[in-house]
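In structure tokens below, several structures.
Here come two complexes built around subunit A, the first alongside subunit B, the second alongside subunit C.
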Partner chain A sequence: MTALRGLLRKEFFHIRRDKRTAAVLVMLPVVQVLLFGYAIRTDVNDVRLAVVDPSPDSATIDLRNRFAAAGIFRIVATAPRTDDLNRLFQTGAAEQAIVFRPGFAEDLRRTEPAQLLVITDATEPNTGALLQAYAQAVVQQYQADLTRSAPQSASGARSIRPAITIAPIVRTRFNPTRASSNLFVPGLMAFVLTIISSLMTAITLTREKETGTMEALLVSPLRPWEIIAGKVVPYLAIGFAAVVLVLVEALIVFRVPLRGSVLLLLFEGALYILVSLNFGILISSRTSSQRLAMLGVFLTTLLPNILLSGFIFPLESMPAVLRWISFVVPGRWFVTIARGIMLKGIGLEYLWRETLYMTALAFGLLVVSLRSFNERLE
Partner chain B sequence: MRRVLFLAQAEVLHIVRDRILLAQTLIVPMIQLLILSNAATFEIHNTPIAIVDLDRSSASRGVVNHLAANGHFDIVDAPASLDRANQDMLDGSVTMAVVIPHDFETSLMRTGVAPVELSVNAEKGSAAGIVQSYAQSVLAAYGAELTRSAPTIGPRIPDPRSRIDVRLRSRYNPTLNYKYYMVPGILVALMTIIGSLLSAQNIAREKELGTLEQLNVTPITRGEFIVAKLLPFWCLGLIELTMGLIIGKLVFGIPIVGSLVLLYAVAAIYLFVALGIGLFISSVVETQQQAMFVTFFIVNIYLLMSGLFTPIDSMAPWVQVASQINPVRHFVTISRAILMKGAGPAEIAQPLVILLASAVIVLTVAVRQYHKRAS
Partner chain C sequence: MSELAIQASELTRKFGDFTAVDRISFDVKAGEVFGFLGANGAGKTTAMRMMIGLLSPTGGSARVAGFDVYTQSEQIKRSIGYMSQRFSLYEDLTPRENIRLYGGIYGLTLAQIRERTDRMLTRLGMMNQADEAVRSLPLGWRQKLAFSVALVHQPRIVFLDEPTSGVDPVVRRQFWELIYEAASNGTTVLVTTHYMDEAEYCDRISIMVDGRIGAMGSPRELKDQFGAETIDEVFVKLARPAA
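Let's turn to the complex of A and B:
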């Protein structure tokens, strides 16, 4: 036991002395939360609108004012011809353009429909679709107002057609403001934990191999599990500290809700750390160099946990193959659990399946990774 | 000059012989490209929804049918009670619950207006907003259809005024294919990772193994050493781009509207920035582990703030300003502008100038730092 304590002290010294790695380990969670809170957003506002109006009349100016007053549009250019549009779109100076035809007001007054062309930069498909919907809404509102204020037709008879509307009442549940920070924080915890637990563990263990000091450890009275424990426990502690750090920062800076039980969340976090550590140990026992270990962790652990956990990109939109793979990605389960606890305030009564799976994975992997480590020693 | 070539040749031999490095540079990025392009999508289809039809009338069935036929939704549950729908939301099996109230048809017929409740599970992120707007447009279309088929009261004369015929045109990505948008950006990410991570790791490795010391006592100057080290990675970056473009074209059918020559020219400049960052990192770290972590950390920030995954326009104002000094942002913009929009030199002039300036600054700082450390 004293030997284990000695190894632990040595590991902590290593970490303390390596200021740069320590700095990254502390900065990583803090900066990530800030980035995801402020930079990773998908809401659309301040649309750069170009207007092509060859012959301004009362109606086109009216409609232009409607766009300007809508709040989300900013008219960046007004031109008489469409020549300039290409350049505006290609440089990104404009995202959307409305093109009037000459005699817009005249057409409106007569029976034929007044044509209006709405061109949207759909490079990013969702933004494109949303912009189209916004522009249509402005035009529809304008049209409705015109109809309402229309004088009766000459004959005095007015066709009345009851308009039927289905009025959607929208309730946005669990995250009414749709603040991105609320969504990303649970995933971020998984991300930070994966880096610290899997990547760091795999690298420190292979480093001992690469530099040849693993041999020295092996001939010491330390038993294999003690070597692993000595190497892993410091990162377990750091990982746990990182989770708390992310959580506290998210609660203070972004006021992310924590509706469920903190204890349960921390317990699940610990479970996830255990799973990730095991991945790290397993990979380190199969690789001989730091580079290979890093590559292995990156491909088998980090990438799937970022992409296939539903952390950033919705799983439902992915091809079936990727969705199947996601079932074995531990991050997916942790993200579901953490979002459930934080945003929905649900507990084990809904999350027992995910928890059970993670527990099984943690202990299953523990056995496999220890055995694999022992095997390699002989 | 000959010495540089020899050293570069040695470096190329190293890369070719080193199976790990080869895997890192050629296979991993292509896997990333294939997975990322499929996974990194905010596209909405097959969204699981539950519909609670309390009315069970022909009008309410119309709502159900329209939602089912839309293609964006997958009706996975049609519970009879609100409680079940609520549970579906809580256990996460549905993204939206639609509730059609009891007197839906009656009130629709009598007053012309009837509510439908849409509960969106915003836990699913940005998808929630899009799902909601899709559902709303389905309902609006159904309402319009009912209006058309409803009997008119009074003489049937066309409403003479105020019909605006809105034509919509989506430019550059008319089929709204997310991959067209992602692939040009992912290519930039891959080149960034190759450029900075591998060069940083490579030089740090020489330090760790002690071979850097050996090189320092040879007649090779530091300038020659840097050029010889970076040149092979510069070429690798361009090979990477080529492979990525081929996969993008063959597998995903991405559009290549603009000039490839222009794209390669910009990529050649951009790689200097990425390599410079790697060189700088390698000169301030001592071990491979540090090199990996520091690079990972920095590249990660660069990528997240580049508009690669989410539009720059949506970011907080101060982030938008800060991202101006992010070289990745400018290359992502340029790559998309050239490939998707067919922009020429004039249209990309502004980001290109910033890229050029960053290349000069980053390389100067990195080489200075390297000299300071090495002496």
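Let's turn to the complex of A and C:
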């Protein structure tokens, strides 16, 4: 045990002496979250809206005003015909268009389905879907108000049936303000933790191989698990500090809600760090140089954690193969867990499956990396 | 303590089809300075790695400090010191911290570590550099320090893998003084080198050629046997028998 304590001391010396790396370790998560939090936004603002209104009338103008008053739309063009629409979309002058059918108001009054076409630029599918939903929300609100204010007939039945034909509206639950930082911050936590845990362990372990000190450790009476523990514990501590830091930042700067248990979130964070550390160890046991290890971590850990965790791209829209692969991407489970705890306020009763997967990954990887560590001695 | 520090018999290591070490047999007596000579790739390092437990043999047998290399590598590790070809100290730590780390790894008490640190640094004349990063020390100093650290737990046998490569002749001389000191204290020294002049300092040497031991004996015996003036000549005759 004294031997292990010595190893841990030494690792902390490394971290403290290498000021630049230490600074990176501490500042990186904070800066990353700031950058990503502000840069990756799918919130839409200032949507350039074109309106085609062949027969302006109180009903269509009312609806147009509602779009203008919604706060996120800016009407950039109003035309009687659809001729100009193509050009507007192609030049990017408009991102979205609402097209009233001739006789829209007339149909409304006659309680026939009044038709309205919503065209959305879906070059960026996520943004497009969001715009579509916004527009539908405005129309739906209008329809609801019409219904409520409809004059009553003598029999008490409503004389006007709301009949604006629109596609069903997808409700966005749990994120009613549609603030993307709420969705991103949990994902970002996974990302920065991966950098610290996987990358740093892989790099420091292979560095010891490069300098030859690893050989000295292997020839010593230290057991493999002690050598690994000597690496894991310090970075587990740093990673944990980073979790707390990022969490505080998320709460204060981005006002991401934390509706569930802090303790559970910290526990899951620690579990996730452990998984990532084990990934780092596994990679370093298979590579001989820092450069290779870095590449290995990047390809097998960082990229999948960004692409296949649901952090940026929704898993639901991926091909089945990628969804299967995502099962061994720890970020996938952590992102789900972190979002669940922070945004939905749910606990282990709903998240036990994800927690179980991460635990299994952690121990599976530990066994594999210990084994390949031993094999290397042969 | 057995009379023999190392006993190897038909020790073999194959990597696939390639036989890096081919049935080598030799004994090293306790307190002896035994040199392993050979060209690059002759199998010196592979042979040494089998003896220190970094590599398991594919054939033959060997006992190090009386322990079997197949089954008792834990005991072997406690009985030996090792200085690798590559630098084995942590460059961002100070000499004092390095000594403390390795002392702790080998289970010394803090009191022992403190006492040996002072003795060691005084002997090396590094008291003034005790708290500077190892990185800032000249290469020769670092090598001498690495050797001393490999001896911090007073092992029965110390393995040195090309300890003097890249250092200047003056430091090499000082280094060999340290080796003799260790040997006179009863430590067995097994050293690989490709400096033929260093071979003359050894009690006995074995010259490896293509994974086999081409010749073995004291430097005197070998020179007589090959009718050569220097070990260098012996080596050339062995390495190119046709010439």
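Definition applied: the second predicted complex is superposed on the first by the 250 of 378 C-alpha atoms of A that agree within 3 Å, B and C clash if a C-alpha of one lies under 4 Å from a C-alpha of the other, contacts with A are read in each partner's own complex, and residues count from 1 in each chain.
We take it that contacts are C-beta pairs under 8 Å (C-beta built on N, C-alpha and C of every residue); 3 or more make two chains touch, one makes a residue touch a chain.
Here the structure is a predicted model, which means the values were calculated and not measured.
Novice: So, A:313: does it touch subunit B (first), subunit C (second), both, or neither?
Specialist: After superposition on chain A, A:313 lies in contact with subunit B alone.
Novice: Pick one for A:18: touches subunit B only (first), subunit C only (second), both, or neither.
Specialist: both
Novice: What is the contact status of A:219 with respect to subunit B (first) and subunit C (second): first, second, both, or neither?
Specialist: A:219 sits against subunit C, while subunit B stays out of touch.
Novice: Which partner chains sit in contact with A:289 here, subunit B, subunit C, both or neither? Use first/second/both/neither.
Specialist: A:289 contacts subunit B only, not subunit C.
Novice: Counting residues of subunit A touched by each partner, does subunit B or subunit C come out ahead?
Specialist: B
Novice: Across the two complexes, find the residues of subunit A that touch subunit B and also touch subunit C.
Specialist: 18
Novice: If we count contacts the way the header does, which residues on subunit C are in touch with subunit A in the complex?
Specialist: For this pair, the touching residues of subunit C are 52-56, 74, 77-78, 80, 82, 84-93, 97, 100-107, 133.
Novice: Help me check something: in the complex, which residues belonging to subunit A touch subunit C?
Specialist: 2-3, 5-7, 9-10, 13-14, 17-18, 211-213, 215-222, 377-378
Novice: Using the touch definition up top, name the residues of subunit A that touch subunit B in the complex.
Specialist: Listed in rising order, the residues of subunit A that touch subunit B are 18, 20-21, 24-25, 27-28, 31-32, 35-36, 38-46, 87, 89-92, 95, 108-109, 111, 113-130, 132-133, 135-136, 139, 142-143, 146-147, 150, 153, 155, 157-176, 178, 180, 183, 195, 203-204, 207, 289-292, 294-295, 298-299, 303, 307-308, 310, 312-314, 316-319, 322, 336, 339-340, 343-344, 346, 350.
Novice: Under the stated contact criterion, what part of subunit B meets subunit A in this complex?
Specialist: 20-21, 23-24, 28, 31-32, 35-36, 38-48, 63, 89-92, 95, 108, 112-130, 132-133, 135-137, 139-140, 142-143, 146-147, 150, 152-174, 176-178, 180-181, 201, 205, 284-285, 287-290, 292-294, 296-297, 300-301, 304-305, 309-311, 313-316, 318-319, 323, 333, 336-337, 340-344, 346-348, 350
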